[in-house]
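Down below are the structures I want you to see.
In the two complexes that follow, chain A is the common piece, with chain B as its partner first and chain C second.
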Partner chain A sequence: MSTLTTQDTFDVLLESAPQNFSALRTAGKELYQSAGLPVAKAEEYKFTAITKKLEKSISDFRAASPISISKNQIIESTFKGFDGYTLVFSNGKFLPELSSQIEGIEVSGLNESTGGVGTIAKAEKDAFAALNQATFNGGISIKVPKKVQVDKPILLLSFNQSNDGQVITPRFWIEVGDFAEVTFIDQSVGLVDSPYFINKVVEVKGGINSQINYYRLQHEGDQVIEVSNIETDVLADARFTSVNISLSGDMVRNNLSLNLLGSNCEGNMYGIYLLNGKTHVDNHTNVDHTIPHAESNELYKGIFDEQSRGVFNGKIFVRQDAQKTNAFQQNNNVLLSEDAIVNTKPQLEIWADDVKCSHGCTVGQLDEEALFYLQARGIDKTLAKGLLLYAFVGEVLEKIEDESFKNHVVGLIQNRLGSKF
Partner chain B sequence: MLTIKNLHASIEGTPILRGINLEVKAGEVHAIMGPNGSGKSTLASVLAGREEYEVTEGEVIFQGKDLLEMAPEDRAREGVFLAFQYPVEIPGVSSTNFLRTALNQVREYRGQEPLDAVKFLSLMKEKMKLVEIDQKLLSRSLNEGFSGGEKKRNEIFQMAMLEPTLSILDETDSGLDIDALRIVSNGVNQLKSDKNATIVVTHYQRLLDYIVPDYVHVLYKGRIVKSGTKELALELEEKGYDWIKEEVDSAAV
Partner chain C sequence: MSKDNQILEEFTSKEYEHGWSVNYEADEAPVGLNEEIIRWISAKKEEPEWLLEWRLKAFRTWQTMEEPEWANIHYPKVDFQKLRYYSAPKQTKKPKSLDEVDPELLAIYERLGISLNEQKRLQGIAVDAVLDSVSVATTFKDTLAKLGIIFCSFSEAVKEHPELVKKYLGSVVPMTDNYYAALNSAVFSDGSFCYIPKGVRCPMELSTYFRINAANTGQFERTLIVAEDESYVSYLEGCTAPQRDENQLHAAVVEIYAAAHAEVKYSTVQNWFPGDKEGKGGIYNFVTKRGICAGDHSKISWTQVETGSAVTWKYPSCILKGDNSVGEFYSVAVTNNMQQADTGTKMIHIGKNTKSRIVSKGISAGKSQNSYRGQVQVMKRATNARNFSQCDSLLMGDRCGAHTFPYIDIQNPTAKVEHEATTSKIGEDQIFYCNQRGIDTEDAVALIVNGYAKEVLNQLPMEFAVEAQKLLALTLEGSVG
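Moving on, here comes the complex of A and B:
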């Protein structure tokens, strides 16, 4: 069977896994092996044939070794106007000597004294999360102590390079104390345009009344295959906001899970996918309302050109005890070509009776009436299209609070809309 | 300025315009009237370049150039302006940003320097007075949540900003109360000169008390079946369209 072949191949990765965290890794390995990689049409990976893709594109299932990174590369890869701290990674390994010192914050490579690893992003939920738990290489622990307000954003700058189609397994453990505030910008830089597989896990343990922004920009080469599991616990009175921008890649699967665990907390999930070529991006989100009086907001907007493909699956789970829940979800998509495809699905499971919940998914074309209106006022057709599409995603861009990052993303998007669309 | 010769147009294979002839000279105001569904908006849309309509026969010459050959944006840049019967709401695009982009694209085409923010704002202020439009409206998304009257006023405001040579107003009067109608007409009249021309499309005579036409044409079943002066509009007001329909329909049998 073809799936077994891949599993055999990942065995090489499993066998050569680092020695630390042995109990955790063993548990991860067992869960991975019992789950196996998603078979064709597996419900959770129905539209994203990840196993087949890996078999076809990844030639060497060993871990990609870290490569040396120069100060210059860091400067060049940091977007214009960024004012903050930078933590640097090479093929998943944290490079403290090239990273900023952040006063009052504990940053270190992942080690067994970190505690909690694997308790938030649960390996039993997803085969790739389990595989990561068994094989992660390096990794980082970031702890923001209680009441600390980190004055500037923290850029998590990952350099990836693998010439031989290997595997990169990053793992971030982020702990934010009660009343603490912090903004992360997670950005990967592909140093070569070749196929490699990133299997990433990010665990965020938020404190009571903490405020966390997690912004992410996926803009690597068009041969990159990536699966990520980002999961967070949101406690009482806390707010967690994710903004995920996907602009390229071969096949990308993002699993984002918010566990709302304390009353009066707020979980926000925002995203843009702006794709062309044959890029395939699958955003699977999950918000779990476990307690009364919590709020979740979700807005994903997709623009698909050429033969690109998008998947949106938004699960809202409202448990029986979670009365007075407010849960909003919206996914809107524009197809610019006849060959582009999007599959969008809200998945609501509501067990409480006193909840406010709304959701909506749309798939459409560019509004021809609006386009004609702009042209009839003298605006060039390409520019008019760009204006309309930019307006379409603008609502999501507004959610980015860090101005420099927002400007960077706006620049990338306008560039894409102006030239490509 | 504008010569339409034997213009035929269809949509999805159905002929809508079936041989329109019209000559508009600089300084003139032409009214095009006719019952609902006679093809007035189709004519306006074909002139502005809407792509759904297929021109199957005939020609349109605007200031010596073949209008039908041009993209909609180039027609606008050449000086054709269509005030839409149903202006489109465009969420996320601010009115100001839109107008500045439009104006500068038109200026670029005409070899003029783009207007900087200061000059643009002062021009906007000046033109806003003309149609008594509220600044607040213009800081919102284009037409979004505007009332019918506000949308129509915004059309005339855009016309004032872009200073077209040929303005085509498609049912700009419908849905307006008398005050708004007076304001809008006043704006149009102030923009009139001996260098530009206006085509007023309407099916009510009322507007023509305010914007006085030099010629009135009646469009019916895709053809101009009667032309006259402003008295024709009054006659239509009094007698309705039935007598014209009868005349045309019996002649056709």
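Moving on, here comes the complex of A and C:
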């Protein structure tokens, strides 16, 4: 148990931060120190007592140094049927020697010549983004040039394990040129089931008419605490789609922000959380419509069993200039257990008048009649339940365009629902 | 576009109808707030010792509290030391009947369109009118008394039914509930008290009318409604204030207690002075309203039409404690010019098979901001709780905003909760459709808005529905973008 107070929890980490990006880090540090970790009543972290959790579960606030990864581990951790490029990370540090060479794409560790770092995921928005900016270790820069259509998905495979320290601070900088197309699959693997804290920032700078898919699978050990800030700028005629699948962890907080900056662009945010045990997942999404004629779609589906807890906060912000906006948001939840809790807050802030915005939110349970219907046809209750729950999240699974990743996720979900079908 | 602007112009230049004030001699407390003032108010009202203690306790807690800032409203802070906490029309002795009430006071109500006498008798409404801080007259007391219904001013209730007041005061909204409730508990001056005995169905609508007349005065009224087993009451509340450049504060508390099988329907048409079109003046309406469905099968229904106030901060709530109890909230909130409204409800499901329904319709025009903020909470024990929420926003003009902040917190797997919200404007095609059929734009807007708000307006008692509909049409005349 640590006896550190809220303010100096991360002092050790801040002091031992790497030397590069000194101006950026200083700014991050100042912002972090002035904001401080979220206090118990902070509106943005109202249902997710992350500070308390960190102080209780993490004893060593030093950075976890990279661990050596073998080729075999990479092969074992890559899901079946995957056909694409793999970029490997160990405790947030990019390992180029174990990663695929991708023709026509610039991939390198983050260095000061990268440019733009910190301009999209703004440190003033969130204390953890600021902390990441001050302390990120390594990081990666991926640049897809203009008009390049990456033929296969890029797997961002992160291996995590506490090592000396327990804090892992990955940072991804992704730049996609005009008319370029690319799909990312962001997957983390916990090597040892022990508590550690991941504080991740992903910045995606999309070009005009670019097509970007960002799929993410959170399926690490049940002692992992994670805060991620994913933020992207979507320019004119471009499309950005995020699919976030959360299956485990101790406490997970995902901040996903889309800034729609060009007309006729489209931002999509989809997510599934299928939780059991004591897992707590908090999805905070934010769509900022700044210009006319843009569209955003959001669909998050949650299934909560045992003592799990789900928090959803979806914010659609339509600025005064953003006329002719179409923004849709939907959050559906199923509670399976007496002890599960759902807190959801679909939020609309609209400053323009000629818009079509809607949000819907439900919390309920399986339809008894549908269950009976299936049972009457000789399907046993467990299987019937599994089928219905699978159908419930199916709508989100359909959004995954990469077949092999979709099959992988389907397999994991079917396993969790206790039946193969 | 020019046509739109012209119509908007016309509408925004519309003056507040009830913005007159009357000079009458008032009996006022000194400006400022301290324990002395509270003792002064208490002494003035000849209150028993326990109530003074209660006020002082609330005041001491209030001093330790901070003004809430989470709401989506911005306004210059209220200087609580510059307000006057008690202002009563001067009367030498208590009136026994309406004839003895100062004719000038009655004239005020006459101008407001509520006559306290025969006319209303025909309509069967019992009115308790509160001017500034003091209840002026209560009509129909005798008729109600025959049924055992107590409907009187709060100060009278303290004197004549202290046991009831003592039992229920602060039982639904504790004195330390929030900043403004604590302030109200410390300085409340008057209000209405209503008690419906077991098995009685109140034969007429009970009504209170509030008006702030004096300058720099805060109005802090307190309403307490107690409905015993198997009783029913429908309660109406209306408000206006004169037009003044300074902001005036209205911090009321309404408590409703519903026992088993009781039903209480509470309707408000709020038309406080909203400030002029630059946002100068107007009422700060910081109100705490809450009802508890304490007994099984009880029902509380809130209906509100909010058209006035510079700033509204109001969340009529239901605590659904009894099994099978029902809570309802119907709201139309209209904001125009520089008005800001942050309003909504809380439904706390505690008992089994509890049901709640929320229908909120926001209409924003001019440069106003209209927020819905609501919470649906299903506690662990609340098996088979059911909630349906719908909050729609209608935007008129491109300078206004509509915001939705629904909180949904569920701790029971059998709960069924639905929430849906939409935001839209009056479509050009809708207007065109009406125009084609010979309905001019002005009427078309009124038609569409009334249709949009119909679900809520239908919940209002007849007399109020007419008033509300007129108010809506008037407030929004021609303001289509």
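Details
As a convention for this text, the second predicted complex is superposed on the first by the 410 of 421 C-alpha atoms of A that agree within 3 Å, B and C clash if a C-alpha of one lies under 4 Å from a C-alpha of the other, contacts with A are read in each partner's own complex, and residues count from 1 in each chain.
Please note the rule applied: a contact is a pair of C-beta atoms (placed from the backbone, for glycine too) under 8 Å apart; a residue touches a chain by one contact, two chains touch by 3 or more.
Here the structure is a predicted model, which is why all the values come from computation and not from measurement.
Partners chain B and chain C, brought together by superposition on chain A, fit side by side with no clash. By the document's definition of touching, of the two partners only chain C reaches A:Leu335; chain B does not. In the superposition on chain A, A:Asn343 contacts chain C only, with no contact to chain B.
Taking chain A as the reference chain, the count of touched residues is higher for C when chain B and chain C are set side by side.
Once the two complexes are laid over each other on the shared chain, residue contacts for A:Gly378 go to chain B alone; chain C is not touched.
When the two structures are aligned on the shared chain, A:Trp351 is found in touch with chain C, with no touch to chain B. In the superposed pair of complexes, A:Cys361 makes contact with chain C only, with no contact to chain B.
After overlaying the two complexes on the shared chain, residue contacts for A:Leu388 are found with chain B alone; chain C is out of touch.
Panel annotation: after superposition on the shared chain A, the angle at the CA centre of chain A between chain B and chain C (CA centres) reads 70 degrees, nearest 10. Of the two partner chains placed by superposition, only chain C is touched by A:Gln323; chain B is not. Superposing the two structures on chain A brings chain B to within 13 Å of chain C, judged by their nearest Cα atoms.
On chain A, the surface touched by chain B in one complex and the surface touched by chain C in the other have no residue in common.
Within the complex formed with chain A, the chain B residues making contact are 48-51, 71-73, 75-77, 81-82, 84, 87-88, 90-93, 98-99, 101-103, 105-106, 109, 141, 158, 162.
If you check the complex, the residues on chain C that touch chain A are 70, 378, 380, 393, 395-425, 481. Across the complex, chain A meets chain C through its residues 43, 47, 320, 323, 333, 335-338, 340-365. Those residues of chain A that touch chain B in the complex are listed here as 367-370, 372-381, 383-384, 387-388, 390-392, 394-395.
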